[in-house]
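Each of the two complexes below includes chain A, the first together with chain B, the second together with chain C.
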Partner chain A sequence: MSGVLRSEWTKLRTTSGTAWLLLGLVVATIGIGWLATAVTTCTHSDCFLDPTQLSLTGVQLGQIVVAVLAVMLFGNEYSTGLIRLTLAATPRRWTVLAAKALVLTGPVLLAAGVAVAGSVVAGRQYQSVPFRLTPVLGTVIYLALIALFSLGLAAIVRSAAVAIGIVLGLCYAYPLLAAATGDPAWVRRLLQIGPTTAGQNIMSTVDPETLAHAPWNGLGVLALWTAGTLLTAAVLLHRRDA
Partner chain B sequence: MRAEWTKLRTVPAWALALPAAAVIIVLFGLFPGMQGSCGKPGSATECKPTTGPDGVEVRDSFAFAYRTLDGDGSITVRVAALTGELTDGPGLVPWAKAGLMVKDTTEPGSSYAAVMVTGARGVRMQHDFVHDKAGRKTPLAWLRLTRAGGTIMGEESADGTQWTVVNRVQLPDLGRSVVAGLFVTSPQHAEEDSNTFGVKGARGGPSQATAEFADLAVTGAWQGTQWTKQHIGGPGNGPGQGDPAGGQPGSQELTLTGSGDIAPAVTGAAGVGTSITTTLIGTFAGLIVVVVVGVLFASGEYRRGLIRTTLAAQPRRGRVLAAKAAVAGAAGFVAGLVAGAIVVYAGREVLQSNGVFIPAVPVATELRLIAGTGAMLGLTAVLGLALGMLLRRSATAITAAVVAVILPYLLAMTVLPTAAADWALRVTPAAAFAIQQSAVEYAQVANVYTPVDGYMPLSPWAGLAVLVAWTAVALSGAYYRLVRADA
Partner chain C sequence: MTDKMIEVNGLRKRFGGHLALDGMTFGVHSGRITGFVGPNGAGKSTTMRVILGLDRAESGTALVGGVPYRSLKRPLTHVGSLLDAGALQPSRTARDHLLWLAHSQGLGRNRVEEVLEQAGLSAVARRRAGGFSLGMRQRLGIAAALLGDPWALLLDEPFNGMDPEGIVWMRGFLRSLAGQGRAVLVSSHLMGELQGTADHVVIVGRGRVIADSSVAGLLARASSGLVSLRTSSPEAAAVLTGAGASVREAEDGTLTVTGLTAEQIVSALSARGIPFAEVSAHRATLEQAYMDLTRDAVEFRAAEVSR
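Right, the complex of A and B next:
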């Protein structure tokens, strides 16, 4: 396993895009969050302003950068045919998936930690963002789960392009449908099952009664999506020809 | 060009993806959650608003003190006071109206002309629901309405001696015998909930207004001497709504309390129903699919090295790019056109059977929605193709295209404050979503006109032009790289 890990780490480390994408994650997340906190003013005394969530607005873009990084890790092996070599070297195929997941999680957790902490610090310049562990820690985990989810999808569809299309579609479908739907019961249902809409409850620090899920339950829904995707990927990787 | 068409047609995944894009748009459009009728969920409860003289749906609800005018005549009054009541205390909404009206019958939706003072919009002369002309910006005034045949003239005065004409209008539907008199109404109070990122919504509620009229005088063929008081269009929806009250019948002074609105029906926070644009919500998913196909159509050539064969067969590289763009654009256009046509017509059926009121739109608007959806998909496919040629990396190109076209739209619809949302939908390729707007914005109707309610900042064709411009920029970049760089 350590050999597989080392080979996957080398692949990730030496791909020219990786460092840029991780840097992009940090810059995009902090930048958009800073902008959002800077331009927002609360004119009504009772406006539903959640400073923590506001300072984390950049995650909307940051998660896409994470997804690109994750789908390229698997998708590019298929587009170059490298996957055949990888699987020949490691006949126990699920270890390849596990190794990829592990080497992806480390750098993503690190960069996401910087991005989320930076967003909160940047947000404190304009809004009274409290230092709270749950949203910060939870959002870092959220980004890691998005990365693993994208990785699993790329392994299932065997193409970076199609995988990123599906990830983006899932990111957007639930909030857009919820915005267009009139029926409150359906809105709640949509927000509860969408991987991003459910997971993003973790960023919220307002009254949990108004949320679709309690923060950690919401993250649990995303974790279920991720686990299901990775499991399917493992089974398909084992069964199919590469 | 035929070679490019064959390439697109014969890759099974791509050939399947384009119809799939159409199917996805249709499925999203027929999604079961979009229901509810004037806030009431459930089927077969569709509420149909009154229809005005031009067939446009209207709201026609106000307190009226009237007499029959059998022929020509005029009526003069001084609006001495106009006060209002909101759900949470006293307050006057900007479009509270009080003044004089000549109306065909007391039936809601019948032809009318009225001169009025308003809460904060000065003196106005309005007729047949959609027409509005401003007079002086003064809160209170003397008003006079004169009827001569089918012509109604509205005048205003500061002192009751010097009169200025606000407007002269023709009401062709007016019978010889009409009802005329004093009216008061006060529309739903609506304002946007917050100026922030995060949860968006509208706040507000019903309101009512009370006007004190004085120095009432009539000349001409008026019948009877008593003013009949009635709340036209059912009881009002004001906070403490009672009957129109006050004043001695037959005297020169009269107090009237009313609630409602005399205006075209709008969709959105202060309106009823949902616009037909809602059925096109799935467009974003179709756009993602055509972006993926467009990018792969370009980057696939590089991945397989096919580009070298292509360019050897057609050394004039610009023509290769043009042919690819034409094929991708046409394929996307057809997919969008078919999906749009199905979803606009079938979606309306589904929504109506769910009890959702959908304002009627002209055929030209329907055709614009359908063709516009096709144009959006076609242009976005070309944008994806151009970015694929430019960046040559499929995942990066797809992300760039989707982030440019759809992310601003999503953010505008969910978390951005209105000012920022308007800018996002002006300058980014997402401006093209304006081509799908079907709701009509009326300056004289208080409503929350924001993107999330279906009111885009740009006009439909201007919005599409923004996407055309971005696609042209991307194509020039792709051309430059194709001609200058090695394949």
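Right, the complex of A and C next:
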């Protein structure tokens, strides 16, 4: 396993896009969060505003950068045919998936940590964003889970483009579709089961009653999706012809 | 090197409705180059993928050194392979490409430098593999196959895209690998590429083995009783047929005759005063031997379809 881990680390390290995408995650997340806090004002007395969530607006874009990085790990191998060499070198295929997951998680946690902490700090320039552990830590974990979910998805569909399409759909189209059902009970139910919509509850610091999930529960739903996806990926990787 | 071998036994595999492997059975012995030849779609690549544990066969076994490939701990130290020279991340350098592969087998940088040297790639080790010509990619693929110093090598169409100089290099290289006692399986859809390279050939068509023979044996069989000659006379063919031979006529006036010895042909034509030249007992090329064998397979196939 240690050899496979080292091997996957070398691959990630020598992929030209890796460093840029991690930098992109930090810049996009902080930049958009800062912009959102700068342009949003609350003048009405009954104004509903969650400064923490507002400062983390950039995560909406940052999660796609993370997903792109993650799907590349498998997507590139399938598009070039490199996967056959990888699996010929490591016939215990689940170790390849595990190693990719591990080497992906480290850098993503690090970059997401900088991005999320930076967003909160930047947001304090215009809003009274409190320093709270739950949304900061939780959002970092959220981004890591999105990365792992995307990784598993890419291994299942064996295409970076298809995988990123699904992630984009879940991030942007799914909440709209859920809202379009009209019926509040259904909207709530759909927001509760969607991996991204459930997971994003972790960014909220206001009244949990208004949320689809309590913050950590929502993240738990995403974690379940991620575990299920990785497990499915492992089984398919083992059973399918390379 | 010990006398390990690759054994393929009764492999059967279907892709959709298409039978890709239909009882494929042969062995690859150490110390010699085994050519694996057949038209495109004959099942060569599929067989190699099954041997490497990449594809699963519906039935039959493929063993390397007596065990299934997928049970090997550091497989590249047993079997090196080159399936597709284009399977590279274009932005990665040649050295880095070999480095991740080395790490996966618990091997280090030294080994990478050694195989780069062996494949003649040291000078371009820092260049991105995406910029390599197909010939250079083949060399990189060979370097990757050699990383683990394996006792067996499986190479799928390694001559593809190589310039003449590269082909000469590859032939010599493969010969030296077999000379070190390794078992080398080289696939090709062009029999001519293997002439002077392979010691043994396994000829396949439609997912099964058509011939499994030493090259010398194959040539001897294909050469037997063939005589060619040149003549400008239109009667020559009729005369020889009358004398009991069967004759193939080419447009440039070359006749290929079977059923008569060169001596008998000369006397038959001389008796009628027919001019001729360049009578020679024919030595078949591997290409012709292959064509003869696969022609039979094609005819058999046509008969099967029309039935």
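In this section, the second predicted complex is superposed on the first by the 242 of 242 C-alpha atoms of A that agree within 3 Å, B and C clash if a C-alpha of one lies under 4 Å from a C-alpha of the other, contacts with A are read in each partner's own complex, and residues count from 1 in each chain.
Going forward, a residue touches a chain if its C-beta (ideal position, glycine included) is under 8 Å from a C-beta of that chain, and two chains touch if they have at least 3 such contacts.
Everything quoted here is computed from the prediction, not taken from an experiment.
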Side-by-side fit of chain B and chain C on chain A, or clash: fit
Partner chain(s) touched by A:186 [first = chain B, second = chain C, both, neither]: first
Contacts of A:36 with chain B and chain C, given as first, second, both or neither: first
Which superposed partner A:10 touches (first chain B, second chain C, both, neither): second
Per-residue touch tally on chain A - higher for chain B or for chain C: B
Partner chain in contact with A:85 - chain B first, chain C second, else both or neither: second
Which of chain B and chain C A:173 touches, first, second, both or neither: first
Minimum C-alpha separation between chain B and chain C after superposing on chain A, in Å: 9
Where chain A meets both chain C and chain B, residue numbers: 17
Residues of chain C touching chain A in the complex: 49, 52-56, 69-72, 74-76, 81, 83-84, 86-93, 96, 99-101, 103-106, 144
Of all residues in chain A, those that touch chain C in their complex: 3-4, 6-8, 10-11, 14-17, 76-77, 80-82, 84-92, 241-242
Interfacial residue positions of chain A with respect to chain B in the complex: 17, 36, 39-44, 47-50, 53-54, 57, 60-61, 64, 67-68, 71-72, 75, 79, 160-165, 168-169, 172-173, 175-177, 179-183, 185-187, 189-190
In the complex, chain B residues that touch chain A: 13, 28, 31-36, 41, 193-199, 274, 278, 281, 284-285, 288-289, 291-292, 295-296, 299, 303, 356, 394-396, 398-399, 402-403, 406-407, 409-411, 413-415, 417, 420, 452
